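Accompanying notes for the structure given below.
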Amino acid sequence: MLEISDLTVAYGGVIALDQVSLSVPEGSITAVLGANGAGKSTLVRTISGLVKPRRGSVMLGDEQLVGRSPEAIARLGVGHVPEGHGIISELTVDENLRLGGLWRRDRADQRVAIEEAYELFPPLRVRRSVHASNLSGGERQMLSIGRAMVARPTALLLDEPSLGLAGGLLAQIMQRLVVLVTERNLSVLLIEQNARSALSVADQAVVLSLGKIELRDSAERLAGDDALRHAYLGF
Amino acid sequence: MRLFVIYTVDGITNGMVYAAVALALVMIWRATRIINYAQGAMAMFTTYIALVVIRHGAPYWLGFLVALATGLVLGAVTERLLVRPVESRPPLNAVILSLGVLILLEAVAPMLFGGQTQSFPVPVSNIDFVVGTTSLPVSPFAVFTVGAVLIAMLLLFLVFQRTTLGLRMRAAAFNPEIARILGIRVGRMLTLGWGLAALLGALAGMLAAPAVYLYPSNMDEVLVFGFTGAIIGGLESPVGAVTGAVGVGLALSYVSGYIGADLAPLGGFVILILVLMLRPQGLFSFGRQRQV
Amino acid sequence: MNSLLRRFTFVRHGLFFLGLAVVLLILTSFVFDSYTNYNVTEVAIFAISAAGLTVLTGINGQVSLGHGALMMIGAYTTSVLLTWHPDLPLVLMLIASIVSTGIAGAIVGIAGARLRGPYLAGATLALAVALPQVPSHFASVFGGNQGLSVSPPTPPAFLGTSFAPEQWLAWITLAAAVITFFVLANLVRSATGRRFRMVRDNEVAARLSGIDVARTQVLAFVVSAACAGLAGSLFAYWVTVTSPSGFTLNLSLSLLTAIVIGGLGSLSGAVLGSFIVVYLPVWTGGFASSLNLSSNIANNVPLAIYGVVLIVAILVFPRGVAGGVASIVHGVRRAAGSNRRAGVLPAAPQAPAQ
């Protein structure tokens, strides 16, 4: 369970997140929707420890994440698929995957986890010794998700995975994600501008606007209610 | 022809020492976007420590190891205590900081070790090999110099390319933020990177000292030539740095052999300017425009 | 309105620097002994060169680790010309040195205009190491490692035969310094100075607003080199021997130390920094000899202090000591309701014209 409460972030004097509270239960996907500049990326970056909040708390199980370094938060089980996938293009596909769980003590299980990532996204296996700079957009996104999964996280943060992906490929990746969530009992926070894609896989959804949660509901209801959809999501 | 061979061998030998410095600079540049102008002064300092050890009756090799170990520590401590606070500040701060370390080390060294120029021992003879009656233009120490730098480079290559520690260090250098969210302790990697770079510098100091002698600013020129090589090589590329530095070594050797030893540094400067006029980012850069 | 303001600033600067000149004239004539005058001359020489480096590094953002080499060009211009024609007047020597070093600065600037950060620093560093080797090689012209001797300027006859040469050189140097700072203070405030800063702060934005970045950078190099040339020429008269050993890398680093200690980008900081860099060895030398320290220690205490001061200045005052002072002053001014920009100029705001 990922429990965010009263999270407030400001850059200089500008409030980016305003008392955001949100809980992401295990084995479920929570979609965070909203326009550019609504504070979506700030939310994941704060959970990851890359941005220090002014106030509030983020609990993963019994662990308080606020105040910890990004590397400590990663080691507590938060996987982060950053905006623009965050692949290190100077390294090979295999090296990128290995990076995911380098800090883990269990070397044998680390090898198993990398193997699982290749099974999850078979296209990566053929390209394992290729420099990541040569990957297509879809392959990069697979690599980024695969890399996050290698660490065997309990919570997964995805920042705009749909960016630059063709619809079919996106749907494919999302399907894999849904399978992962139930298999691994993951708490997933899915940041998206592409509301349609996000709502198709999410369990619950919140709409962020100017740093505040404007609306929260089950994904099903939000997708089904035309008025709400038009008002908040524009489709 | 014989002269040409002699100059070439000298050039390669010196070039390998510059290459060690160049590689140290490039390692630090890639990881922290900082040029460590104190690289040469640190090497001078560790070489003095080696000399103290050797003068106390210890064998050369113990002094050699002590120098490398002190280099590792000195580099790591410098990063952790001094460089860390300026890493996120404007680049000029780091430039001035490392110049401060350079000045401080060159001031403290004569206080501790005396200011006069001292000779420095060689582990193997630096008199040219003789086969029958002809002397070859190569000495055992020259072979040792080239060999030691090559081995150091090979070891570094293996550490960086073949170990998980090396993978962590590369990730931290290429993209610190991503490395952090993957659980890599980037700070430690940078400290270690500075340590390894200073170790390589310490090796250069030990290899340069028999020829340039030991005094507080003895590594200034070596640093400048290594830096010149690294710049010619494009600062981003280890292979470029080594190639550039050996090229500088050769060029300086030819200039000082055929024209005059005094003009060697000027020759280095002219080559640097010519290369930069043609390619402002150096020869081995990937064309990424960096404004630092 | 704008030109009126500018003329107003110009007049204000003029009055300030005129007042400064009078004060310095009185001090050097009636207050200082000849040893102090000798040191004050060195401060002024350093300050001229440091002010040039301030324009280049502090205001235009180009790092030069080779300004000592530019001073060397000025010093050798004067020394070589004097060897050929010992009777040439001093003013001509100063001008010749400014011109020759300015040209050298243009060449370095043109070569360096495409270079950024470490590439430029590396090129100027290589220059600092390479140039001092030239006189050794062309000994017939430059006197080799022994150098060329320069006789200090003799005071004109109307000052009387007992007039100390140190005082005369102090007058000349301080006059040169006051003029240099007057010119630079106005330059920094002018449209050209604004272009210098825009290029430093954001090259892309500067280019977008129509500034020729390369030309601006070359100009900054020329201005800076001209100052170094003037300082170098005066330096030759002051040391009386121009040899390569006077222009080591340490000189370049001391200049950089001076402008950092004084607060980067501030002309008054360049003066403060030069004062510290010149007087620190004097003070520590006296202190060390009173403690009977060995020469190895005594001679290096100032260097060690520079090193520590540079490190501490960067860690504690990222903008330098005067930068720290300037930001405090700025804060006070803002609190007092004035929106004048602090930190660029010396005490000019206190000038009577305000």
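Labels A, B and C are assigned to the chains in the order they are written; within every chain, residues are numbered from 1.
Everything that follows uses one rule, which is that a contact is a pair of C-beta atoms (placed from the backbone, for glycine too) under 8 Å apart; a residue touches a chain by one contact, two chains touch by 3 or more.
What you see is a predicted model, and the numbers here were worked out from it, not measured in a lab.
At the centre of the protein atoms shown, by the Cα-centroid criterion, sits B. The busiest chain interface, judged by C-beta pairs in contact, is B-C. Inter-chain centre distance (subunit A to subunit C, centres taken as mean C-alpha positions): 56 Å. The distance from the centre of subunit B to the centre of subunit C, with each centre set as the mean of the Cα atoms, comes to 32 Å.
Rounded to whole angstrom, the centroid-to-centroid distance between subunit A and subunit B, based on C-alpha atoms, equals 43 Å.
Those residues of subunit C lying in contact with subunit B across their complex are 57, 61, 63, 65, 111, 114-119, 121-123, 125-127, 129-131, 133-134, 136-137, 203, 248-249, 253, 256-257, 260, 264, 295-297, 299-304, 306-311, 313-315, 318. If you check the complex, the residues on subunit A that touch subunit B are 48-50, 69-71, 73-75, 80, 82, 86, 88, 90-91, 95, 98-103, 147, 151. Residue ranges on subunit B touching subunit A, taken from their complex, read 164, 167-168, 170-171, 174-175, 177-186.
Chain contact summary for the complex, subunit B toward subunit C: residues 29, 35, 37, 82, 85-86, 89-93, 95-97, 99-108, 110-111, 114-115, 217, 220-221, 224, 227-228, 230-231, 235, 260, 262-266, 268-269, 272-273, 276-277, 280-282, 290-292.
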